[in-house]
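Here chain A shows up in two complexes: once beside chain B, once beside chain C.
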Partner chain A sequence: MTGPAPVRRPLASYVVGSTGLRRPSADAWRTAGITVGCVALAMALAALLVTISDGSPSEVVDALYTGSIADAAGWSQTFVNAAPLLLVALGACIANRAGVFNIGQEGQLLIGAMVGCFVALRLQGPAWLVITVALVAAAAGGGAWSGISAAMYYTRGVNVVVTTLLLTFVAAQVVQFAVLSPSLLQEQGMGNGPARPQSDAVPEFLRLASFGQYPDLTIGVGAILAVVATVVLAVLLGRSRWGFRLSMLGLNPLAARHAGIRASRLGGSALVLSGAFAGLAGGVILMGTVFRLQPAISNNFGWDGLLVALVARSRPGLALPVAVLFGGLRAGSSYLASTGVPSYLVDVIQALLVLAFVVPPVLSALWGRRIRNRGAVPESPARPSAAAPAKEEVPV
Partner chain B sequence: MWLDDGGTVLASALRLTAPLAFAACGEYLAERAGTLNISVEGMMLSGAFGAIAVGSATGSPTVGLFAGALVGLLVALVHANLSHRIQINTFVVGLVINIFVLGMTSFLLQTTEFSRSQVGVLRVPGLAEIPLLGVLFEQRWPFYLLLLVVPLTWFLVNRTRWGLELRAVGENPQAADVSGIKVNVRRRQALMWCGVMSGLGGAYLSVGLVGSFNNNMTAGRGFIVIAAVIFGAWRLKGTLLGCFLFGAADALRLALPSLGVELNAQLLVAAPYLLALAVMVVMAKSQREPRALSKPFERGLV
Partner chain C sequence: MSHDRARTDGLVPALELRGISKRYGPVVACDAVDLTVQRGEVHGLLGENGAGKSTLMKVLMGLVHADAGEVHRDGRRVEIDTPLQAAEHGLGMVHQHFSLIEPLTVWENVALGEPGRIDKDAVCADVEAVGKRYGLVVDPTRTVERLSAGERQRVELIKALRRDPRVLILDEPTSVLTIAESAALFDVLRTAVAAEGRGVILISHKLAEITAATDVVSVLRRGRLAFSCRTADTSAPELARQMVGRDVSLHAEGAALGLVVTDDPAKHLSPVLAGGLDAVPAEPPAPQVSADVQGTAALALHGLCVTGPDGRVLLDSLDLEVATGEIVALYGVEGNGQATLGDLLSGLLEPDAGTVRVDGTDVVLDRPGALHEAGVGVIPEDRHRSGVVLDMSVAENLVMTDLRRYSGRLLMRRAQVRAQAQELIERFAIRTPSIDAPLRTLSGGNQQRVVLARELSAGPTVLVAAQPTHGLDVGAIEDMYARLREAAASGVAVLLISTELEEVMALASRIAVISSGRITGVLDVAEASPQRLGMLVGGEAA
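Take a look at the complex of A and B:
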């Protein structure tokens, strides 16, 4: 209708649910350039923050480096932190692709850890069987929790973001209740002092194995699981019929419906699956590092995992390095104490980094449109007015 | 005895309701314009922090209170420009802002010392003597700002041209756009009002009620505000009723152990969220939710 006019996508799709169905163009270079600038700006802001709080940026960088990637022990710690982040991010990738924005990973992770803990403490049997069942149960728990949101959305049309968000706080109270009820999960007091609000420790033989000993590189089962899941998902999302249908649903629900895709089934299962990944992350944290169900066991892994997916633009392949980066920041943050800079700095850096990766594609698209529009102004009267983006209401 | 306990619980409920009510006025207005603003939590938290920081620096809690509102406005400006100027998904922006504000305030709290700073109690003579209801007239003075802010919000939304345009933008941005309303400008303005109100709510929490700032002070109150707006079906009256209910539930949770009543504390904490979810499920098909809630607007795209 409008001839060779460039395809216009909603700007929102540059953040959530972008799938790389388009070929890279001149825009890609501009985006890369802006991203580099934004990351530099974020780092500069972080350095400024350190400086005004009487810290030394170089010491901070040194501490972060020592804690995360300086030696084998650091790398091990980085991987321990990266595994749950990656699992959560993978789930978020699936949901984002399908165009449903699941924001409640923190709660799904908690529920997953709770269900996994319940199974691990109550089920009798050979270790490998109990561990497998516990992890599957953790995933099922997280999936069920996001399944509530899916049911609400596809039967009653309730906004997914709101339900997943609110259910996160319900989940926190459910876990709190479980660890305060002796009949459910509260620890059996050892006779000294009152029982604390946490569960008994998962017995030694049920903990996730890790390969390697302390001074050397250790890699836990959780990390291996996460990497395998990444590869499988990257292939499935990029190459399979399921992945294609998912992207179709996310990019254009109307076209997807005409192509015979049932949104409630595909989108709902994507939401459940994303919750299941968060629940699995909860199970991995429980049986890999913390060993007890505590109300604070989630430790923001859910929120940060979602940030990883956002930085990676919902691509599993990119989520892997980003998760390692965020895991490294987490690992390094425990070394910040020696520099006198609060470890909360890492949260600030993470948030700034997310902005530095989320903003550039949109800015770049806007700039691209402006450049194109400038060339198109003389002939614009000939076009139908609705299709002529002559005056942009959105200056950069 | 019963009257005393009732008065204590009511006083505590009112104290806990006020911050919610301030922020709810803002969130209500923003949602009517079509922004489901989840960064209200971050706005409240930054307002609470800004109020204490400025209050302890200047020595005047009143200045701190208004500085808190300004800090909320600043956060709102960032959110508004990111989500309604360059059109980044509003939930992504809100999420990042919440995490950023939480990290930033915790960071600054550890690196800086703040002195206590608290506004005074305004006691209405005579009225404060009424049994049970007397607590209404013996509150920190910013409480009475609600008497100004609530009617003002209602008037702005329901009786001004600006408010009409705001509601049009929230219901049908395409139609609003072709009739000459600047959709994204209205949404940005609505968010700014939300920022000021949420900042004020947070400031009331810190310089009003507690007198100091502690880590993650708002503790999810912003999300309770969102629940209240949903619970109130996007009407101001219902929203404020929701705020009072949720504030009362919080007060009950604190008071019940001393009254010797057994009621599950976790259930009371989760009650606002559960109620909001239940309301959404029951009313999902009603006409009350702004039609374009949380749908970004760009000209030329349907």
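Take a look at the complex of A and C:
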């Protein structure tokens, strides 16, 4: 082929994540530009919706702002929401690096919360020990749940995306069953009225501490945990032999095998680890904010955390700011709901804004490829589009 | 118009390119190239990789827009913006890499991309009619993935010819074909050209093909038309010189250009296609160590059996030994188990039965990386598939098989990785913008050098080179040959898996022939004649 072949990376590699090589800044600028456009479009659509339903767009914007970043209390809420998102995203980064696409974080998070709840309510001992054991158990629960998918994939070749997704619904049923069974986790009735489908509250002294006092900035243990994990993981993925091997496995499994990597061991452990991070997020939510196991405790943190990892292109360092952004959106939306805007509208607005941040990188990648294809020779042997349409790889 | 006619003695050329230029950033891919193809003429286009051949053809096919220049068809100026327009103007192309969809049948592939309703019976009838007319027999209802490389090539040709192109472009059509298949292909071309007045552009970097099969030849060098004349008026050495831009030693590098030197001094250079059957090795290899192979085999394969997922026997109790310092070639038609053996020796699959011994020790084959640790270096047939990670950097690709050597308990030792990469880049003359550049940005030859550098830097006992020069240009091929000889001279046992007779003859001291997953014979290169090899390739004992 002729000339310097333009760098054309498969779209999948945007998900799998790069290995520290820097992409051309033209792409970054394009992505930024598209993002601004998308956010503006989402805001415009949201404003339209609010106007149609007799609300005031300016009040909505004000509420979103007040609830997330206007003051210390807003920031506190943002961080409370960002911590589990970040933990889930870190797990997704690991799995994506290894080329196994775990999309069942929502279920792994539920199982983690359930196992953590069980330990917190049943285990006797000093608070620090029970808290630690409960968090470790939550991680182990999430890891075991994704481990089922890993076992199915590496022994029988069952697709990971399918099993992790479907196991999410199984997990929801399991948690439902647990909080409906008095012998398991259903709350002990207070005598008046039937017991509700939720567990007893985790006792005060077992709740995760937070530093700072309302209305000042408060930072929970969960957030600190998430940030520390981010730093550790960023170093490990970027610098360690383990991270190198994960990338190799994700980017070219056959070359990895030639280099002595056993996919079932490395990829399987990556999948288990990603489930463990989701489970830990479940434990943090349970013991940091909700305190009771409820079927709705996961509250889309699993799905949104996965989105964070996708937007951050599986880079822990990028996942941190993206998680804060998404956390802010969640915090702002809760505040918005408390101002009386109908909750369905809040959901739609939040979804629009999330989309506005998720779509641009993919759009930019597609667009960039088109520009390069038009102006230059693709680096692989060209196939005439009339004879055989070029195969486009679509992430996940 | 009138001056066109004057220039071509009243003949309107089927195709004329005038002053085609194309730049990619600072790189000039085509620089004011003129090219004229007459009706009924086979026009050879020679040039190394990067000389601009592919860009020129992409301009013709509407895949790339030229910055300047005009295309004329039958004397009329035409604009070609899309591949569909190219087809409308009667231009058809057969690409170097097959663009067939494997799970589909022959007739479906042939009909693919055509507008309007698809009539299976009509297409099938067409395939058979075209096949009969040109001697390209293939069953239209067969699935492409079950076809051999030669049959796939036929499908591509049928597909192009069915659209009745006035100018047919063939891009390296023989790179995966056997000698016999190549010869058959050129017979077809002759028919299509002479009897029907089509024009053909044949792109190649095999000189033998060009001299045997073309009427006119043009040479591109660094984007410019370096040379053009009637094939009868030039010679292979002249063309080689024009292509590379310097004199090429035909003994050392002849094989790189697809030449085999014959005994007959009058026919100093005899193209394989014309006089291939009385050819002898281009260079008798120096080390003749076959006498005491038994005792010192560095690599010994015994009774290897592999069955494919569809139950097909891929390797059928294959035995082969390679001694220290020896180059043994495994020669045969593509698809007879070479790829399976390559995968096996790369550690990508485990045999159903049989052993691999390296330096007298059995290798535990179910552990990934065991072969590499035992000292088996592999240059895989398809480097993109298992040899490299395109999205990792050059440095990372250079160390990836020996990570423990370049890391502490947990973290990689970056400085050590960089130092090693720097050293290998210099030692193996790898041309790369930087050691951190993604491997994807390197040319094919340099990617191949990265693989070679990495595998040799581990100090292997055995080096398996599967089609090591496939898709490389002359310079890179010469370099690869020199490196393989050097490796053998330094005591590495080299197993060369190749389908190129010239390559096998030029490099190996012994030639093992594989057919249907078995070794049908092993010949010393001195006793290997193309006839005997041909019989063995066909599965007969010689």
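We adopt the following convention: the second predicted complex is superposed on the first by the 282 of 396 C-alpha atoms of A that agree within 3 Å, B and C clash if a C-alpha of one lies under 4 Å from a C-alpha of the other, contacts with A are read in each partner's own complex, and residues count from 1 in each chain.
By definition in this document, a residue touches a chain if its C-beta (ideal position, glycine included) is under 8 Å from a C-beta of that chain, and two chains touch if they have at least 3 such contacts.
No experiment lies behind these values; they were computed from the predicted model shown.
In the superposed model, A:Val161 makes contact with chain B only, not with chain C.
Looking at the shared chain after the overlay, A:Phe101 reaches chain B, while chain C stays out of its contact range. Of the two partner chains placed by the overlay, neither chain B nor chain C lies in contact with A:Gln213.
With both structures placed on the common chain, the touch criterion links A:Ala255 to chain C but leaves chain B unconnected.
Within the superposed three-chain model, A:Thr51 lies out of touch with both chain B and chain C [touch as defined at top]. With the contact threshold set out at the top, residues 8, 10, 16, 386-387 of chain A are in contact with chain B in one structure and with chain C in the other.
Partner chain A is touched in their complex by these residues of chain B: 36, 38, 82, 85-89, 91-92, 95-97, 99-100, 102-104, 106-108, 110-112, 182-184, 220, 223, 226-227, 230, 264, 266-267, 269-270, 273-274, 276-277, 280-281, 284-285, 293-294, 296, 298-301.
Partner chain C is touched in their complex by these residues of chain A: 1-10, 13, 16, 18-21, 235-236, 239-242, 244-245, 247-248, 251-252, 254-262, 376-377, 379, 381-388.
Chain C makes touch with chain A in their complex at residues 23-25, 27, 29-30, 49-52, 54-55, 58, 61-64, 82-84, 86-87, 93, 95-97, 99-101, 112-113, 159, 223, 346-348, 367-370, 372-373, 378, 380, 385-393, 396, 400-401, 403-404, 407, 410-412, 414, 436-438, 440-441, 443. Against chain B, in their complex, chain A makes its touches with residues 8, 10-12, 15-16, 49, 53-54, 101, 103, 152, 156-159, 161-163, 165-167, 169-170, 173-174, 176-177, 180, 303-304, 306-307, 310, 341-342, 344-348, 350-352, 354-355, 358-359, 362-363, 366, 386-387, 389, 393-396.
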